[in-house]
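Multiple structures are listed underneath, in structure tokens.
Both of the next two complexes hold chain A, though its partner changes from chain B to chain C.
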Partner chain A sequence: MIEALLILSPVLFSAIGVPLRERAKAVVTTLGTLVSALLATLIFMSGQEYVLEYPWIRGLGLSLSIHVTGISKVMGLLVSWLVFLIAVYSIRYMQGDYRPGWYWFMFGFFATSMLIIVYASNLWFLLVGWEGVGLASWALVGHWYRDERDKWVGDERHVMGTKYWWTPSRAGLRAILTVRIGDAFFIIALAYTFSSLGTLDIFGLRGAEWSALSGWALPLLFLFMIMGPLTKSAQFPFHEWLLTAMTGPTSVSALIHAATMVKAGIYVLIIISPIMLGALSVAPTVLTVFYLLLVLGIITAVMTTVMALASGEFKLVLANSTAANLGLMTASVGASGVLYQLTGNYGAAAFPIAAALAHIIGHAVSKASLFMGFGAVIHEAGTRFIYDVSGLYKYMRVTAIAMFLAMFSLMGIPPFLGFFTKEMALASIGIGVAIYSAVLLSFLTPIYGLRLLGLTFLGETRTHVHEAPPLMWAPYMALALAGIPLGLMWPVGGEKAVEETVAQYLRSAEVYVSKVAMYIPLLFLVLGVALGAYLYVIRHGVELVGGWRTLWRVAYDRFYLPVLYDRIIGGGFAAISRALYVAVDVKVLDAFYHRLLPSAFGYLSALFRAMQLGRVNLYIIYIMLGIIMTGIIILLI
Partner chain B sequence: MIAAILVALFALSLVPYLLAKRNVYRAAYTSALLAAPLVPIGLYPLLTGQIYEEQYSFLGWRDLFTIVLTPLNGIFVFTIGLVGALVAIFSGPYMEYRSRDVSRDAALFYLTYTPFVVSLAMVTVVKHLIMIYVFLEIALIASLLQVVYYGYGDRFRIGLMYLVWSHVAALLMLAGFVLMVSPSMGAAPIYGGQYDVGPLPLALILIGALIKMAALGLHMWLPYVHAEAPTPLSALLSPVLVGVGGYILIAVFVPLAMSSSVLFSGYLTLYALATGIYGAFMALAQNDIKRLLAYSTVSQMGYMLLGIAVFNNYGITGAAVHYLSHGLGKAVLFMAAGYLILYMHMRDITRLGGLYADHAPMAIASIIGFLNLVGILTVGMIAEITLVVGVTERFGLSPAGAPYILALAALLIASAVYSFNTIRALFFGPRRYQNSGRPSPLVLVPIVVAAAASVIMFLPPISGIIWENIYGYIALALG
Partner chain C sequence: MSPEIVILLAVVVVAAVAAHIRASLALLAVPVAVMLYYAYAAVSAPLVSLASLFAALTVAFILDFTGRSSVLRGLEFPLAAALPAALGMAVYASGVPLLFAILVLATLVTYGLVAMRGSPSNIEASVKYIVFSGSGKALAIAGAGLAAAGSPTLGGVLIVVGFALELGVFPFHGWVPDAFTVGDTRGLAILASLGKFVAILVLIKLLLALGLGGSEMAALFIALGVLGSIYGGVAGLTTRSVGKILAYSSIAHTAYSFMAIGIGLLRNDLLPLAMAVALYEMLATAVAKYGLFSSIENADMSLGSLSVSRLGRVGASILVLSLLGLPPLVGFFPKLFLILLAMWAGLPWLAILVVLTSAVAAIYYIRLLTSLLNAEVRDSWGDVGASLTSALTLALGIGFPMVLSILSLVV
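Take a look at the complex of A and B:
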């Protein structure tokens, strides 16, 4: 009962709010998220672990089952409190909005869908939340459906004939269609799992008879299954939707980046990791799937970090940084299988997965704060472009302090929480040549972080703005400050608690930590901070020349991937449909059935009419001919 | 008892006819009342899982008028009744407007409305093959008159097109029925009718049903007819009529063909997937909202045919649930198209846009309608996952199964592409239309109710009960 209320209260309260007035909607939905957060806390504190199951469609293996285990308790606590804080922030941020009914209902629906993912132990049931999260993010990314110019992402120019600005409705379409690609394969994977193994219970699948599946079926199954998380968590080559999803209200960005949507993908990877590891132990071919996660995660992390250095919009920097951190988490999960295979020790798989879970927390706390804070900056300064503002520290001190604190955590500076969780993730992926990516990320992250802070808050003050109201800054200040005590707690028990939670979930007796020497990445972190501070704190920006400028341009244009996606794939799809319509439907099928056939009938009927001349001797000839032909046919047979 | 009710409904169709001469609205309400009894009739076996039979023989033709209610045909009858009643309510304001346009009172529309709806339901509940044919033809004639008298565009030519195609389909099926007969015509195979048949009758029935379902290559009539029919009729043709072709395949074709080769199932599956993908591509290319929805029906019939083609219990259960989800979703969307015609006098989606601003309830209902087509969080999702389980059970994940699986993924994605694209074009973006008139609640309420029903039918426990009963029955009937 408590569990049902915990999951459902956001959507139920927001549904109650539908007929109410704007302010009441906001308060009621926020109350719903508070109820949910308090219940999540209650369950977190209870210390019990159990699974609840109610039948839904037995014949399909679909049941309303939830697991209250260490891992879902931690995630539930994180999600529900972040949702509550973002709801509080939204009350003021969305005040006077033209579509409050849509916003608040979808907000509650979003939260409930995410909580279903967190607690579901049946994968079909999880899919219900999964689809809900995708739908809600589509609805909220396109919340400002009138496509006003100030809600766009990108600047109004064409690159290789492609529009390089995205309206909310277009960004929403990109988001839903990208995740739909993953979902199609995800659904097929679940269906195949059920039809071949008879269950979709995440615990029941661990001891599955994998040997029953032939050769390629197993890696293909997991390849399809990870397509869902890869698209939802915006991993290369599916990361583009996340960058244009910035068209939604900033509170929505905070929700998508910190608490829901993209974290759902990583969380599902963590949830299914014991199943994949179990399959790996009997079928080495599954290792390809882990390698794929590792490689795609690293590509995403490096690529989006580079793009974050060049982005010209506040939210775009943050979005790139989210994709980069998600890349780290994805790569960590990938590393779990690789380490398991390399060491032959199941405990070795636990640490990277613990790192992914830890970094979900570390990243979420700082990123929620950053989005809300920069949302306030955009709100107050009236622009989404970094270069339009400067020296805002003078007027927005509280916000500036909060943003510095949150960004330090994101950059991975001790003693903030982000330092520890990022270190775990970097340590996890430090296998073989992947260590270079860890070095590169350590070096580049502080530069884009300091760039964003320096260009926004430091330097000469050009415009007069106001500090955000307390109802808005309280949530992001609280989260920014939370990074410090959480960070201090980390070495004295936090890390251990997360590791034990994961080990318990994996049913691994121990957590085998294979930390590669992290001094080199640490050294590069220091170098990155120094360079970032020089460029953006001391010098307040830098003029790029020559090859650097070309590199910047390529990164600024997002490696020209929007050209591929919007023009070649999107435009190609539309062009094919029009061409098929004209070439096949109109010119062949329609012409055949509705012009050629009728005119053939018309021609035949004219022919037969022409034979009826009303002359008797002609008819006698026809009769004779008929008799002769019939005779020939009879003789032949 | 049930037979008496159904016969009475036919007879009572004279009442709306007489009413329509004076007041279209009363005729509409009465027609809704006459369609409504089908809802409990369908719901009873669907919710209880029971099989109910009323035997009537005639002049030595055993079971000629026998009626059977099962969870399988229950979902068809329920859908036909619910959509029929809702569309009837919607038809009031629409036919008032349309009769002015064509300078003819709506009497003929309401005279044929109830017979059309009831005979569609009859197709699914009669046990005897001949009666399946008879009611198909009655439904055809009733709807044909509506196209000819109240349709759009070149309605006589399109009426003729509809007549020829549908009649050819029905005759092919009849020829198949006659050819597969052992000494006397008998019950449909799903009710235990025993037949020893060769490939020819099966092929005839299959082709006839494929024309009815507007499968790829045989679909050409559907965009014309569904786009140019009077919109309330479109809201019945697309959701409920074409799917009846699927019912005939399940009741007659599948039990006889199930044991056929895997190869045949494979070809039919690929054909179904091709129909679905092709329809989705065609839908994306349309600017006329009614033509777009008509092509979307072609695509959706690909899903239904897919469930049938895999020849297993999951697939057929999925096809049956899909009938409900497509029925509700497409009824919402066609009624929404009617709403646009009534209040915007517009069918061209390139000239609409930003409709959410003034028509939020209709927009939200239409979004739910599209979610049924895409299979997201509506009863469409239950149908979708059941169908996908059917396909994976049949073909698995192996290099040999790859074409099926990849085409299936393509179908799921292509459906989302045209659906979300259309949602964006119609409802979002800057406002691009001139508003005229406030919508009548009679138009809006059925749209919203149908959309809400598709969500309610998704939720537990109702979707579970329905699913288990259909699946249980199919497992029993097909073994």
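Take a look at the complex of A and C:
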């Protein structure tokens, strides 16, 4: 009962808000999210672990079952409180918006869908929430359906014949189309799993008879299954939608595209990791899936970090950084399987997964705060471009302080929470050559972080702006400050708690970890901070020349991937469908059904009617022929 | 001879005498007498609902004939009343001679009614029908004799050909499109409805009484059904007159009925249901044809120049939808059961053919429907037939389990 209320209260409250006035909608929905946050806290504190199950469609193995385990309790607490804080921020941020009904209902709908993902222990039921967050993401990315210029992402120019700016409608479509590709594979994987193993319970699948699936069917099944998380969590090559999703309101970017929905992919990877590890122990081919996660995660992290260095928009820097951190988490989950294979020890797999879970928390806290803060900057300064502002510290002190604190956490500077969680994630992927990527990420992250802060808040003040109202800055300041106590608590008991939670979830006795690799990334973090501080705090930006400029251009144009997606794939698809329409629909089907068939029947009909001349002697001939025909039939049978 | 039939004949004779004295007297006497008879039938016979249906039909006929110009000088009332009477007898009759007598009575009545207005074209329609139906009956009687005398194959063929002439099944259909365009619409309404229904009922009873069956007869029926459904479906596509459309529709529906009979003869276990479906199909088309013919003034009207009454338009549109086979109207269920029968009998191609020919025929029904909806609205005669039968299409459709069980009782 409490669990149902925890999950459903946001959508129920927002439904109540539908007929109300704008302000009342906002308050009612926020109240709903508060109820759900308090209940999540209650459940977190209760200290019990259990699974509730209500069978729904038995023939499909679909039951409304939720698991209250260490992992879902932590995630539920994080999600529900972030939802509440961002709802509070939205009250002021969305004031006077032209579409409040849409925003607040979808907000509540999103929160409920996300909580379903968190607590569902049946994968079909999880899919309900999974599709729900996808829908809400589409709805909120394209929230500003009037496509005003200041809501776009990108600037108005063409690159290789591709439009390099994205309106909210176009970005919403891009988001939902990308995510649906993964969803399709995900659903196929679920259906195949159910049909061959007979269950979709995340605990029931652990001891599944994997031998029912022979050869490469098993890695293929998991490949299909991780396609869902890969698209949802915006991993290369599906990361593009997340960048253009920044057309949505900033509160939405903070909630859906930084703190929660994109984390749902990682979260699903974490909750299915014991299943995949179980399969790995009987079928070594599953290792390819873990390697794939590791490699795609690292590629995403490095690529988007480089793009974050070059982006010209506040939210684009943050979106790139989100994708980079998601990549780190994906790579961590991938590392768990690799470590398991290398050490042959189940406990060794627990640490990377714990790192992924920890970094979900560490990143969500800082990134939600950053999005809200820079949302306030965009709101107050009236521009989405970094180069249009400078020295805002003079007017927006509270915001600036909050952003510095949150960014330090994101960059991984001790003693903020982000330092510890990121360190865990980097340590997880520090195996083999992947250590170089950890080094690179440590070095580059502070540079883009300081770049964003330096260019926005420091330097010469050019424009006069106002500080954000307290109702807006309170949530992001709270989250930014939360990074410090959480960080201080981390070495004392936080890390151990997360590791034990994961170990318990994996049913592994203990966690093995070697922390040797960590210090090298730490060294490069210091170098990165130094370089970033020199470039953007002391010098306030640099003029790029020669090869650096070319590199900047390539990164600024996002490695020309939009050309591939929008022009080659999107345009190619449109061209193929147009060609098919002409070749098949018009030339074959229309010609057959609308020209050939009617004229054939018309001809036949005229022929038949020509028999009907009104002359009885002619009819006698037909009768004779008919009698002959009956004779033939009788003789033949 | 059973007492019911004696009473019935007495009723008809009384009505005829009354009509001879004064037309308006028949108008009063016939419905009262017929209803009295059916009240008696309803309490004495098991087929209560059928009896009341006949009574309702009779009253509808009588009311529908008022105010029509006629050369029959009032004789049309007893004639019209005699047809449901013939049907009533056909339901209860069992002997071969009596069945033929009933068939003769039913057709004799329609010969007159088709030529009711006495115009040359009316007479032409009547004569064409007489030629075909007369020779058909001659063949059928000869066939029945042969079959009874121990030559079932030849006798069966003659009966089939005879009834094909009588009912207008392709390629013995010659008279149908001609008569349906030039006859009097009231006469055609009766010919296309009860005339054909009685004929098919008599045919089924004859087949069963003579014990005719087997794969040869079944093949004959199914072959005629296949040809007729294709012909009826296709030939109507390009026609532009209402009468012709209804003629081709009639040919197609009779063909479907023949298919059902064929399946019944092929598979003994399906026989009761198949015969009931054959009757149901004819009942569906009969109800629709009666209403449609009685709602138009002239059978030769082209689709573009239709004029119908306000109420008649609604009724007629529903009837066309029923012919089209739209559930829950009566036209849907016999076709559904025919398809099921074909599947059960292991003839999937026949089921596909039924679907395809129905789909082809749908085009001319829709054309008729659009022209009805765009038709000129005139003042109110012709309401009775169309509105009563459109209500009946709904009732007979929704009550299909009851209708089917009653029809299988009849057989």
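FYI, the second predicted complex is superposed on the first by the 587 of 637 C-alpha atoms of A that agree within 3 Å, B and C clash if a C-alpha of one lies under 4 Å from a C-alpha of the other, contacts with A are read in each partner's own complex, and residues count from 1 in each chain.
Keep this in mind: a residue touches a chain if its C-beta (ideal position, glycine included) is under 8 Å from a C-beta of that chain, and two chains touch if they have at least 3 such contacts.
Predicted model only: the values in this text are computed from it and were never measured.
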item: Chain B versus chain C as contact partner of A:Lys587, first or second or both or neither; value: neither
item: If touched residues of chain A are counted for chain B and for chain C, the larger one; value: B
item: Touched partner set for A:Ser605, first chain B, second chain C, both or neither; value: second
item: Which of chain B and chain C A:Ile623 touches, first, second, both or neither; value: second
item: Partner chain(s) touched by A:Ile637 [first = chain B, second = chain C, both, neither]; value: second
item: First, second, both or neither for A:Arg23, with chain B first and chain C second; value: neither
item: Which superposed partner A:Arg157 touches (first chain B, second chain C, both, neither); value: neither
item: Where chain A meets both chain C and chain B, residue numbers; value: none
item: Complex contact set, residues of chain B against chain A; value: 161, 217, 219-221, 224, 278, 281-282, 284-286, 314, 317, 354, 356-357, 360, 371, 374, 376-377, 381-382, 384-386, 388-389, 391-393, 396-399, 405, 408-409, 412-413, 416-417, 420-421, 424, 427-431, 460-461, 463-464, 467-468, 471-472
item: Chain C-touching residues of chain A, taken from the complex the two chains share; value: 601-602, 604-606, 608-609, 612, 614, 616, 618-619, 622-623, 625-627, 629-631, 633-634, 636-637
item: Chain A to chain B touching residues, read off their complex; value: 54-60, 62, 64, 101, 124, 127-128, 131-132, 134-135, 138, 142, 145-147, 167-170, 172-173, 176-177, 180-181, 183-185, 187-188, 190-192, 194-196, 213-217, 220-221, 224, 573-574, 576-578, 580-581, 585, 589-590, 593-594
item: Contact footprint of chain A on chain C as seen in their complex; value: 128, 131-132, 153, 157, 160-161, 164-165, 171-175, 177-178, 215-216, 219-220, 223, 231, 234-239, 360
